[in-house]
Amino acid sequence: MTKAIYPGSFDPITNGHLDIIHRIRPLFSELVVVVANSARKQYLFSLEERVQMLRKNLPAGVKVDRCEGLIVDYAAANNAAVIVRGLRAVSDFEYELAMANMNKNLKDTIETMIVFTRPKFSFVASQMVKEVALHNGQLTGLVPENVARALQTRFTRKGN
Amino acid sequence: MTKAIYPGSFDPITNGHLDIIHRIRPLFSELVVVVANSARKQYLFSLEERVQMLRKNLPAGVKVDRCEGLIVDYAAANNAAVIVRGLRAVSDFEYELAMANMNKNLKDTIETMIVFTRPKFSFVASQMVKEVALHNGQLTGLVPENVARALQTRFTRKGN
Amino acid sequence: MTKAIYPGSFDPITNGHLDIIHRIRPLFSELVVVVANSARKQYLFSLEERVQMLRKNLPAGVKVDRCEGLIVDYAAANNAAVIVRGLRAVSDFEYELAMANMNKNLKDTIETMIVFTRPKFSFVASQMVKEVALHNGQLTGLVPENVARALQTRFTRKGN
Amino acid sequence: MTKAIYPGSFDPITNGHLDIIHRIRPLFSELVVVVANSARKQYLFSLEERVQMLRKNLPAGVKVDRCEGLIVDYAAANNAAVIVRGLRAVSDFEYELAMANMNKNLKDTIETMIVFTRPKFSFVASQMVKEVALHNGQLTGLVPENVARALQTRFTRKGN
Amino acid sequence: MTKAIYPGSFDPITNGHLDIIHRIRPLFSELVVVVANSARKQYLFSLEERVQMLRKNLPAGVKVDRCEGLIVDYAAANNAAVIVRGLRAVSDFEYELAMANMNKNLKDTIETMIVFTRPKFSFVASQMVKEVALHNGQLTGLVPENVARALQTRFTRKGN
Amino acid sequence: MTKAIYPGSFDPITNGHLDIIHRIRPLFSELVVVVANSARKQYLFSLEERVQMLRKNLPAGVKVDRCEGLIVDYAAANNAAVIVRGLRAVSDFEYELAMANMNKNLKDTIETMIVFTRPKFSFVASQMVKEVALHNGQLTGLVPENVARALQTRFTRKGN
């Protein structure tokens, strides 16, 4: 009976994120995807837009929620024992390590667990997807259809 | 109802390994520590010695087993859905990533999940512990007492 | 008969970039240095300034061009089979790997090839050169003379 | 009779920084902590605030100073033979390496020496401390008390 | 008119190596796959076996040769201007960088160029393939058929 | 009045090692180069040969000594407050970090300080130098003359 959360900016959700969600869902009794929003970061999509784009693509039984504070506080307040994070590359590693250690320092009972992105999604970072979309590149296979449309709309509007 | 295995050489078990075992035990319905033995590797302690040293230090409810084949085959044959691995450092990262991807290629239904070693155990690798023991260095805090004694006996015998 | 492009921001060109250009020029039938300009990035020098600073330092037979879209689209539209990138350090590696894989995903027929910066230029990044120039540090050996003058003029103007 | 400087942004000073100061003070005949200020960076605390927060926590015999130019020029002008830097993680490594090589290129007589952060402070970066403070997380053990109070005051003020 | 060599141990050739060979063949006027053999290394397959396994899988127009000395000397003696190497991961990066710089130090006119392994082959190292084969794991998709058979024969023979 | 040691295998000493010795000598009141010998490692040159090759190349005032135990024990027994290590690359980083932390765990009063290898020696590892020598490659600039002769003699003898 272990509850897990999968937090992130999801600005926007990619097929790499969705693959991880599908893989970890059967491993925990409950899984909540938590969309983080920080006053200090700039996002392409608003918190509500990111939540809506996610909701349309989640498998049955996975919930979505928002968090504007520390993720570890969210986990504690919501009885989640595990924070799941996906790792694409070595360069993500040390930030995740430091964050996991900071979280453990703040609440020792909550564990961070890492899953590796599949090779075919290893280059599908939200940042790179936005770069491709900005220049009208092909988004098929990188993000769900509703996200592709949202990206195209966003950048066309900005471009004009 | 997720069964997990925590495989490794455990040559010998360290306090870093034990910390991870204590942390992940509550997260899964069943946890088996799997001592891997490969015909191509040289160990300081025999498979049986490694199993015995482990057994004396495991918390209640954690089992120990042996594996001389592929870990992913062991997991599949024993209905474990998760392989847990501990990561100390970036330099372990890529081997674990390649191994996780190879395992996913061999059995797509089994997930590898990573936990980070606590900072205070970040330098406690079995290899470094053996180096310290070989030169009669202080082992307190690095390994359980029975392992410290076994290391001292082993290296004294060899040194004479 | 292989055409290659060497893209970058070149904000500004350094002696490290020029060394790479001299080394790869003999390997391809045609080499074009492509100055990338993105609406989302801030540059010290304008696209035209960067092109002009480059032009004064290129060996015979190397052309310069501009690109405001995706580099891989530029390569395809201009029949270049190879995108050459220089790598200074491990920390550049993963961005280049992800970018190369994204480009391969967008156009499978175009290859990214990497050359390593010579040791003596290993610390000569445009960003660090600008930092030195900002504080009136010595630029000899780091950038061509016209670039050193442009940097000094730019920062003096800004400083007053 | 070797004089050393320990430069940084110290925005704000953490217990990790202070641990390094205590460890290196006995190794040199003189140690000056140098607070760097760059016109191109944004800080949470002003140069004076950062100097004051430091001053209240320094062990006897350690001085504090300011630098708004190149650190290597400061070292040369103040007869310091060594620049000490702390390294927490691999990801810091290459920036420090490039900076040390650039400094050696500018003044060959000055050496950069690195000490490793203790494991228990390995995740205590100023940036992460600010993130925790922003969300009212627990700061005990991460920063000195006067810094914790300053962080709380700053973010409460900003939050209202 | 640039001749390139693609050196390696190829112990044994994998589908990752073959993918790189297919990708770089069109880029150079001549491509030779060079099987390196060092008196100080232990191989699973003999030099001749490795050459034969390669030969059966090479695309038209690609030659195979042997080298028991320094690769850079082979390149110079055979008028190859480019040494191509494949990179799977950051951990390979620094060895390749040091080797490329050493080669440049020995013969400045020869360039090392790196291509990145495709994501789907990112975990297909010869070493890991041998580990899988040793334990009778599935080799489909990892190596060509004749190599899979050779691996199975080799390990069955050794196992009995 | 700080005494430092610079330990290593020095199998054999390279110009990179000597450069570091020259750079750190002025920073400490005493500097001892400590040749480490471990019963578990294989060396090309015996402990005595390594000591002799070093001795002929050391600047005035630098001593050489041997250590067959733990370096940190040697430092403590000889009143050295600092262990100096050279870092060439990220891949060395984590081993040095773990070793420094283990040493700090064993004797908290001794500090490990790191200096970076100069770019021009960044690829001059003892291992790579031996590989070049084995194949009769050019050793000029990589090692002192007496070491070059010793390498050539060693490999010629072995080769016949």
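Read from first to last, the chains carry the letters A, B, C, D, E and F; within each, the first residue is number 1.
Throughout what follows, a residue touches a chain if its C-beta (ideal position, glycine included) is under 8 Å from a C-beta of that chain, and two chains touch if they have at least 3 such contacts.
The structure presented is a predicted model; accordingly, all values stated were derived computationally and were not measured.
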Contact distance in steps, from subunit B to subunit E: 1
Co-neighbours of subunit E and subunit C - touch as defined: A, F
Where are there more C-beta contacts: C-F or A-D? A-D
For B-E, find its twin among C-E, D-F or E-F: the pair where over half of the contact pairs carry the same residue numbers. E-F
Between subunit B and subunit F, two copies of one chain sequence, what rotation angle (nearest 5 degrees) aligns their Cα atoms? 120
Tell me which chain's centre, taken as the mean of its C-alpha atoms, is farthest from subunit D. E
What's the farthest chain from subunit C if centres are computed as the mean of the Cα atoms? B
As a quick test, compute the distance in whole Å between the mean CA positions of subunit B and subunit D. 38
With centres defined as the mean C-alpha position, give me the subunit A-subunit B separation in Å. 30
Give me the residues of subunit C that touch two or more other chains. 89-91, 94, 97, 101, 119, 122-123
Return all touching chain pairs. A-B, A-C, A-D, A-E, B-D, B-E, B-F, C-D, C-E, C-F, D-F, E-F
Would you mind writing out the residues of subunit B in touch with subunit E in their complex? 39-40, 69-70, 72-73, 91, 94-95, 97-99, 101-102, 105-106
Show which residues of subunit E lie in contact with subunit C when the two form their complex. 2, 23-24, 26-28, 81-82, 87, 90, 93-94, 96-97, 100-101, 104, 111-116, 118-119
Spell out the part of subunit E that touches subunit A in their complex, as residue ranges. 89-90, 119-120, 122-123
With touch defined as at the start, can you tell me which subunit F residues reach subunit E in the complex? 88-91, 122-125, 128, 131-132, 134-138, 141-142
